[in-house]
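In what follows, subunit A forms one complex with subunit B and a second complex with subunit C.
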Partner chain A sequence: MNNGRSFKAQKVIDRMGQKLTRQMVGSLTACVHCGMCTDSCHYVLANPGDPTYAPAYKADKIRKLFKHHYDWTGKVFPKWVKAGSVYTDEELEELKDTVFGKCTNCRRCTVNCPMGVDLATFNRMARGLLCHVGIMPEGVEYVAKEQWEIGNQMGVLKEDYIETIEWQEEELQEEMGDPDAKIPIDKKDAHIVYSINPREVKHDPRSILDAAKIFYAAKEDYTMPSEGWDMTNFGLFNGDDDLGGAVASRVYDKVDELNGKKLVISECGHGYRSTRCEGPNWGKRDIAFEAESSVITMLRYIKEGKIKVDKSKNPGAYTFHDSCNNARSCGLTEEPRELLSLVVEEFREMYPNRAENFCCTGGGGAMSMSEYKPERLKSAKIKADQLTATGTHTVVTSCHNCVDGLNDLIGHYKIDMEVTQLVHLVANALVM
Partner chain B sequence: MATLDFEGTSYEVDEDGYLIDWQQWNEGLAGAMAKEDGLELGEAHWEVIKFLRDYFEKYQIAPMIKILTKELKKKYGKEKGNTKYLYELYPAGPAKQACRYAGLPKPTGCV
Partner chain C sequence: MSSFLHFSEHTLQEIALVFMATAYFLRIKWFLKWPLAKERQPATGTGDTNPKKGARYSLANIIRPWDMESTRSKPSMYIQFALFHLGVVAAIALSFIIPYGPGLLKSSSAVFIIRFFTGAACIIGVMRIIRRVTDPYIRAISSPDDHFSLVLLTVWFAFAFMAAPNNISGGEGIMMTYFLLTAFFLMYVPFSKISHYLYYPFTRTYLGRHFGRRGVYPMKRKPAYQMNK
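Moving on to the complex of A and B:
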């Protein structure tokens, strides 16, 4: 016990000192409590009477610790700057319910903050502090463990992965009527190394087959790696930079080993952000190859005439949902729209959109936290209204997690809409 | 913890509706869960549920879709041993929907 503080509480305080970056300190000191963030958060909009959802309120839970322990203002006039500490494990559990259960780290408040306060960045840091002392939702803990120990977030063994790819190769040969059609594994010097989300292997390989069809049609020189193929990263969700760096490095190392020219990341928002944008920082390394989203790859194939598509094969009106990680954190907003317009009969915009779009409400690892599901679905009302207003039959998104988040709320609010990804629409529109 | 009431018994389920104790499962419960989703379980649905139960009893883990399709193909032929067929039967996906009806735990990770 330190100053009457529990072992874990003291650890959290100590660790905070090691984790504060200049950007975080800037964010923790810049808030002027103007309230712009309040109007931008889907949790607040769906729970107007509950101040505990307000981004500034959530931020204060973390800010008070910073002020008390690491900022001179908290030492000189602690009451004025609302400095405070944590003492018990129960308080840490409460903090867990805020940083995991009341924020999806979607960064909509961030892009709307006139002071540039990046709540999601220090909310993620707070998650990391709690994980450091073993306090996190059970689902997040389980998945992070699988990613540490087995090398992918769903514990898929190497032989099962390879057998699944071989099975999809057989399907490709059958559908293309070409016994020589291949999904190469561990091919050296390939132009593209294609990385995926484990759910594609474990639960729904249709996206692997559709991507293979597109690569086949484009006569691409590509390969899938036998290891380091999981481009998802729970380090982004649990705030553990070490996990983030280890997972991203596995992917990078394999591309290096195969001497691949380019790493292509299948449609996954957090995977794209982690592998393309954050991974080198977490892993404290550089990467010598280009990394791109498969959305950009597919668009290039059409523009360069490598594949031909017929948009009448996808009839009716489709709308597009921007994944938070893709749009707000990586600026991937125009390419998916351009691609979608090329492969469907009618593309109808959803409002607000791009960096202002609302989260699917399952972001930040929320789909792995069953304990917060009722609150999550209640807050999804905002997204449900946004979807319904488009009057389309299908919502398209470039993120596996958004697919599940959207499907969940569509079921809950009984909306007559389907969810799909660009890879399926492009494959379906292919003219061979 | 949430509960699911069926024929006078209260079953513990997680917030996603998955049974906490897979051994409490019975066929009526699967039917009740499906009914809530507006789905009537037919012979074809039961083939999948029964396989999932048997597999889980043996290995204490839900099968990958590769294994599920392979085994269904062996038992019931090619037209039933493929991904498309499984998604037609269970639109929310065999992992999320069929596993829940079969009393298996919620799949982990980004699903």
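Moving on to the complex of A and C:
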């Protein structure tokens, strides 16, 4: 115990000082408690009358620590500005329930704050402080460990990964009627190095095949890496910049080793954000090659005439769900819409959309936190209503996490709808 | 005019202003010592924006209520915000006009404008106090500073409204209270939430640069590919 504080609580306080940036300090200082962010949060909307879900309320759980220990107004007049500290491990557990269980770091409150307070960024920091002392949901701990140790978040072994690709290569040869069709692995000097989500290997190998069909049709010079192929990154969810940097570096190092010209990241919101945007920040390194989402790659193929598509192959009406990480943190909002409108008969917009879209409720690693599932599914009512209002039976998304989050809520709210990704629709619309 | 009122209008205000400026200087110095996070990622988005555009958009957000869902969907809150802050400007301006340019207040239009904004701000202040106490969401996040700052401003607006005609023929009480409140206000502000305007340019610029680099700001409402056609 230190000043009546547990060892872990003291570590959290000390480490906070090392993790704070000026941007975060601005966000921690500038809140005026105006409450304008309140209705932007899906947790609030699904739990009317409960202020503990309000973004500013949740932010104050972290802000009070900052004020008490790092801001002199809080040091001099703690009660006056609601500054406070943590003393016990139980209090840290309560903080864990707020930063992991009541927020998906979707940043919807951020874009709705008149002062420009970025709650999601310091909420992630708080997650990192807790993880540093071993306080985190069990699922998060497990997945982070897999990513540190095995190199991908689902613990897929190298031989299983290779075997899956070889299996998909056989499927490709059969479907294309071309025994020479390949899914190259570790090919040097390829134009594209294609990285994927381990979920594709474990649960959705069809997406690997569909991507291969598109690359085949476009006659693309590409390769898949045998290592460093996982573009997902639990560092984004558990707030551990070291994990984030290590995972992203694995991908970058492999592209460098293969002398690839461009890294293409398959459809995954947090993977795209982590690998394309945050990885260089976490890893404190610049990348020498281009990196882009496969959505942009597929759209370019169509625009450049490298592939031809027939939208009548995807009849009916489709709506699009924006992944929070793609839309609110990477600006990937227009390309998926343009691509979708090229490959389906009818595209119906969902409202609100783009950077104002609601989270699928599976974001921020929530799908791995089974202890918060009831709260998550309750908050999913907002998304369920959004989906139903479109009147469509298929929702398209560019995120594996969102596929699982949406499927979960569709089942829970018994909505007559299925979820698919652009890669499937583009592959299905191909004219060979 | 009594010597104490003269002191309150001049020397006291100058002392309070110097105190506030010193406190703000120290506050900014403290803020700037925190390391600025470097953004290494190559730009994302449709290529029609950049950090500068994002920052401009973010800073202009204050006069573009339609940009944010939170202000777009609650126009009355935005109008309250605008009137309340214009009331602050009017009350501050009055504290300089009375001692240094009292001639301006011979114009009934000038007095009307100041009274309109300080009066409206005072009414909105009362509405906000009620909201802060009765709305469970706002009450849950309110600190003693939030309550006190709001009450202080509301009372200050009321005295600014009454002091605007700059007439002490009926007694110096109102004028004296207004200037004493102004002096207290100037010295209290750096330690309270009222100093949020000090951080506003920083937080909005940082967020704007971040979102501009990532193609998020300016926010898109209509498909870019349709706009290009």
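FYI, the second predicted complex is superposed on the first by the 432 of 432 C-alpha atoms of A that agree within 3 Å, B and C clash if a C-alpha of one lies under 4 Å from a C-alpha of the other, contacts with A are read in each partner's own complex, and residues count from 1 in each chain.
In this text, contacts are C-beta pairs under 8 Å (C-beta built on N, C-alpha and C of every residue); 3 or more make two chains touch, one makes a residue touch a chain.
Since the model is a prediction, treat every value here as computed from it, not as a measurement.
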| item | value |
| --- | --- |
| Comparing the two partners subunit B and subunit C, which touches a greater set of residues in subunit A | C |
| Which superposed partner A:D404 touches (first subunit B, second subunit C, both, neither) | first |
| Touched partner set for A:M367, first subunit B, second subunit C, both or neither | first |
| Contacts of A:E356 with subunit B and subunit C, given as first, second, both or neither | second |
| Residues on subunit A lying within both footprints (that of subunit B and that of subunit C) | none |
| Touching residues on subunit A, where the partner in the complex is subunit C | 20-27, 29-33, 35-40, 44, 49, 51-52, 54, 56-57, 60, 72-73, 76-77, 79-82, 110-118, 276-281, 284-287, 290-291, 327-335, 337-338, 352, 354-356 |
| Subunit B contact footprint on subunit A (complex, rising order) | 139, 142-143, 146, 153-154, 156, 160, 163-164, 167, 197-199, 201-206, 232, 268, 270, 367-368, 370-374, 400-401, 404, 407, 411 |
| Residues on subunit C engaged by subunit A in the complex (per definition of touch) | 30-32, 34-42, 44-46, 49, 58, 61-62, 68-71, 73-74, 77, 81, 135-146, 148, 191-193, 196, 199-200, 202-204, 206-208, 210-211, 214-216, 219-221, 223-225 |
| Of subunit B, residues touching subunit A in the complex | 14-16, 37, 64-66, 69-70, 83-84, 87, 92-96, 106-111 |
